[in-house]
Amino acid sequence: MSTTAQSPATAGAEVPAAGADRFELVREGARRDGVEILHYEPRFPVPGTRRERRIERMIALFFLFTGLASVAFVVVYIWWPWQYKSGFHPDKLYTPLLGLTLAAALAGIGFAIITWAKKLLPHEIAVQDRHDGPSDAQERELTGATMLNMVDELGIKRRPLLKAVIPLSLAPVGLVAAAPLIGGLISNPHKHNQLVTTGWNPANNGGRPVGMVREDYTPVRPDDVSIGGQITVFPGIPGGTTNKHADSPTLLIHLRDADAAELRRNLVPGNHDAMYGNFVAYSKICTHAGCPASLYEQQTNKLLCPCHQSQFNILNNARPVFGPATRRLPMLPITVENGYFVARSDYRVAIGPGFWERPDETT
Amino acid sequence: MTAAAPDTPAEPAEPRAGLLARLAAPAPPRHRWRRRLGTAARMVAALALAGGLYAGLAPSVAAEDTPALSEAAKQGQALYNNNCVSCHGRNAEGVRDRGPSLIGVGSAAVEFQVGTGRMPAVAQGAQIDRKPPRLTNDQARQLGAYIDSLGGGPSLPDGEDLHANGDIAAGGELFRTNCSSCHAFSANGGALSSGKYAPGMDNSTDRQIYAAMLTGPQNMPVFGDNELTPQEKEDIIAYVQNLKSDQDPGGWGIGRLGPVTELLVIVLVGMTLVVFTTLWIAGKS
Amino acid sequence: MKRRKAELAALPGRAASEIDDRFQLATPLRRLFNKVFPDHWSFMLGEVALYSFIVLLLTGTFLALFFDPSMTDVRYDGSYVPLRGIEMSRAYASTMELSFDVRGGLFMRQLHHWAALLFMAAIVVHMLRVFFTGAFRKPRETNWIIGIGLFLFGFLEGLFGYSLPDDALSGTGLRVMNAIVLGIPVIGTWTATSLFGGEFPGTVIIDRFYILHVFLFPGLILGLISVHLGLLVKQKHTQWPGPGRTEHNVVGIRMFPGFAAKGGGFFMIVFAVIALLAGLFQINPIWLFGPYKAAVVAAAAQPDWYVMFLDGSTRLMPAWELRWHMFGHPYMIPALFWPTVVLPGIMFTLAGAWPQLERRFTRDTRAHHLLQRPRDVPTRTAAGMMAVSFYLVLTISGGNDVIADKFRISLNAMTWAGRIGLLVVPPLAYYLTHRICLGLQQHDREVLAHGVETGIIKRDPDGRFFEVHQPLGAADSHGHTALPYVGTPVPKKMNRLGALIPTVRGFFFPVEIVGRPPEAPVSPAVGAAEQRREVGSSH
């Protein structure tokens, strides 16, 4: 058993079986590929040592382990009960057992192969030329000449008419490729003024004020919201609670007397008639990035949006007081008709996140 | 008898005889003192008659200084005076900067705060934390009865199990609309602004969840029975309790916190195992 | 019988001949077998990404057989009781069916999602390895840019992927994506409504994401991976400096059988790790989130980890909005634009342009195939750590509400900590890293000059105590050696010099093998002196 490299001539003596010639062929083939095998040391030149047998057994065990784990995987996959049941149940172990058995099977193969590579395969050190750097100078010249010739053959230089016309005419061809993609996809954002109107617009209800409903379409009375409470309301039109009107969810809040008085003192002109008694309704769609700003802190009267932690002061027109939001939450003008809440009109400003051509808030 | 001329006044009739005559006749002269005594006697008799009639017939008005407390409320009052007075005042009217008024909060609020150990509070802070309760459930109910007697307020329905008739799916919808924004999809709680938080519900009983919805403790909004009916509250409780007891089908739930814990797992478990494997496989330089 | 056996034995040879007659494979095949790869653990990190991608393709195919990307509303009537009767999109319903009504479906979903997280993590770790060792220098700048492109495409692919189930968590992310596109100046609103087919959410976005996620982007990523690996094969892998290693050779092991065996075994183990994660750790439990509804959100709303740095930048951005009037019309740029479009644009551009930037600054235009130890290029290493700390502050800020809740820290304080940290931590990281690199360099040279500390204390006749140092080469009378630093690790402990008898680890205690000559583990034994000859390019 040797630990240093042998000279090429005698290396063949270490290769087991198949004779010295074969390794010479291997070396020669490697040389032709630019590879020099500097050191090639079979780990067990003498077959049948105890150590080799031990390693062989270990690898065999890994493979057996894989086989068993694979069988276990299939058995679990087919026969372990897996249908959903509430609570704690061995059935809920279906996925973990699949994971364990599959991991065991794969790890077994992995460990087996790697142990084989590390402990049984010959230890070798090979060196390969990089042949990096630029191509041969002559080759470069030849290729350069070929390319220049191509350009000359095309004769663009000799044909000024083509030289002028081609770029002009090819430009629109690019558009031809882009046209269906853009033209098919393109959709006017200002269609139906969709960016500045919501489901609360009376136009959705035949010109009449839109009623406020809960998620199950039942209308909302002032009694329904306790002092210090809030309720999420939607426009009472067909599909009003669905994502078809994702810009419409509104938070109706019933303030305490003192808080409502403070809000009334702070109302900006645009919101001067939007409250109803101690009730105020704000758009739930955060003016930062559109998440529902729905964490209402009833004692500090702050509304927190969980996405980026913008905080709005309910008692001051939902002005943002922390976080990245920059604009107030729009207030919905509300009143009560026949005992039920309705929206007198749509929001007076565009709800939700800002955009390039967003109209000014006049107040 | 000939007809008398019509507009000639009738001659006064002959003096009437009997009682009438005697009444019409002028009264015999009396001594002044006997007259005054008679007046006085008449007045006293009239007063006595009026007073007696009134006393006998008018409804009795209980003009009491202190109300009569039930047995439980009396115990509650004793507990209150020992545990709560310093922050909430002698008559639960509240103490500025220490404790709010408890008039009208109802026994539900008391049961929630005391039952979860939040009250008696040991320190002021952004929020009062849940801790091991200092008073037993019975004591909490007694306190609740006392506070209830002071000003009324919401109270809980009877029974320990408040979700037997709850519809889990309906409760889930309600939970996601009203509750998950603060308490997270997993009901494990979430952060509010400036150090406040919505607590998780791992240790919450049915009654505590019901009470929290009904009374809106601290910064939690109030969900009165008109907004979330008792049946809807039961639906939500059924959903939450099912959530808590539903083993995660995908293995260990790692807190059901979402991508943050998933990041921790992929780095601490996944990449670590993989990198150690590379160290084992390949040689060092 | 013997004849049959002989025929059977000759079968492989005959088959090979038939194939070679048609495809002339003999030489290229052998060239492939003999290709030399350098053997270092840190070179295997890119493979982790490759193997994870293969797992993604396999599991993704399975999932695509069941998933329906339609946004039509249906009522759920599957096995998961808490959602029975609830209205949801077909996309969400089909994902629920996959998780609860398809045998092994949940396991496949979790395999897919964990593999995606590992894919991105491996890309980041591999990218850091390439950066800190200078492997992106000429001639590998193109491969570096392709790598950044792979990160970007993987990022987008993952984003589309986790948005497909249309659950409340990813739907909220979709809402934010819509807001980001809306906020782009001039073309934002047109782009947003064109992508979504109208106002948010529209009825087509999930279908469009689906085709991007299962067709267009996997194709792009596969294409980029192919070019990435092709360039690697053509230019060959870089290697650490060491004995016998030059700029013009590669020292290592040949592809077959050694390297392929290690690679294949590693694939199995990476797959095993993914399977372990998929079985033991739940990921993306969409049944807890419910279907996406515009009014539903939860505390702890974050995107997957590789997008979390953008969530962090968005949370930390102060409320600065630009509003002005032009030609009588109002215009604005929302606060959302800067942290979600401009910042990642700068980050990716800077990353992609780094090789060129470094060339300009170092004026180094030569080709490099030998790697540099991070300590030997303190400026680059410090700049890299600055970028890493910047990214980490952003990622941690993306999860600041979870941290605030679980560790009882004020949410507002976390936001401020992030804002200040973003400005303070990177320069601090730069300074500290730079000092550490210089310190390590100094220590290397000190050990080269003065030898290894043996820990043996002696006392000389004057009474002075001194430590015995083992010189690394021929020393002069003062014990100093004049060894130059050549970019290889300097041994700093005695057992690294092979001065101790090598021990074969027994199961519970080390077992020494007496009589075995020492083997330096630092650099592999290159052939005997007479074998070391200049390997030139002369053939």
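We just call them A, B and C in the order they show up, numbering each chain from 1.
Basically, a residue touches a chain if its C-beta (ideal position, glycine included) is under 8 Å from a C-beta of that chain, and two chains touch if they have at least 3 such contacts.
This is a predicted model, so every value here is computed, not measured.
J.: Specify the chain with the shortest distance from its C-alpha centroid to the centroid of every protein C-alpha atom present.
T.: A
J.: Could you compare the number of C-beta pairs in contact for A-C with that for B-C and name the larger?
T.: Output for the comparison: A-C.
J.: Could you tell me the distance, in whole angstrom, between the mean C-alpha positions of chain A and chain B?
T.: 48
J.: Measure off the straight-line distance from the CA centroid of chain A to the CA centroid of chain C, and report it in whole Å.
T.: Comparing mean C-alpha positions, chain C is 16 Å from chain A.
J.: Report, in whole Å, the distance between the mean C-alpha point of chain B and the mean C-alpha point of chain C.
T.: Roughly 59 Å separates the two chain centres.
J.: Taking each residue of chain B in turn, which ones touch at least two of the other chains?
T.: In chain B, the residues touching two or more other chains are 173, 177, 181-182, 190, 192-194, 198, 242, 246, 248-251, 281.
J.: Would you mind listing the residues of chain C that make contact with two or more other chains?
T.: Chain C, residues with two or more chain partners: 81, 100, 106, 110, 262, 265-266, 269, 273, 276-280, 293, 295-301, 401, 411-412, 524.
J.: Mind pulling the residue numbers of chain A that touch at least two other chains?
T.: 84, 86, 94-96, 99, 114, 118, 215, 232, 292, 294-295, 306, 309, 322
J.: Which chain B residues qualify as touching chain A in the complex?
T.: 173, 177-178, 181-182, 190, 192-194, 196, 198, 216, 218-224, 226-227, 242, 245-251, 280-281
J.: Can you list the chain A residues touching chain B in their complex?
T.: 84, 86-89, 92, 94-96, 99, 114, 118, 215, 221, 223-232, 292, 294-300, 302, 304, 306, 309, 311, 322
J.: What residues on chain C touch chain B, complex-wise?
T.: Residues 39-45, 48, 81-86, 99-100, 106, 110, 114, 117-118, 121-122, 125, 168-169, 240, 242, 262, 265-266, 269-270, 273-274, 276-285, 288-290, 293, 295-305, 308, 395, 399, 401-406, 408-413, 488-489, 521-524 of chain C touch chain B in their complex.
J.: Which positions of chain A touch chain C when the two form their complex?
T.: Residues 3-5, 7, 29-30, 32-39, 77, 82-84, 86, 94-100, 102-107, 109-114, 116-118, 121, 124-133, 182, 185-191, 194-195, 215, 232, 234, 242-243, 245-249, 284-285, 288-292, 294-295, 306-310, 320, 322-327, 352-360 of chain A touch chain C in their complex.
J.: Which of the residues in chain B come into contact with chain C in the complex?
T.: 126, 168-169, 172-173, 176-177, 180-186, 189-195, 197-198, 239, 242-243, 246, 248-254, 256-260, 262-263, 265-267, 269-271, 273-275, 277-279, 281-285
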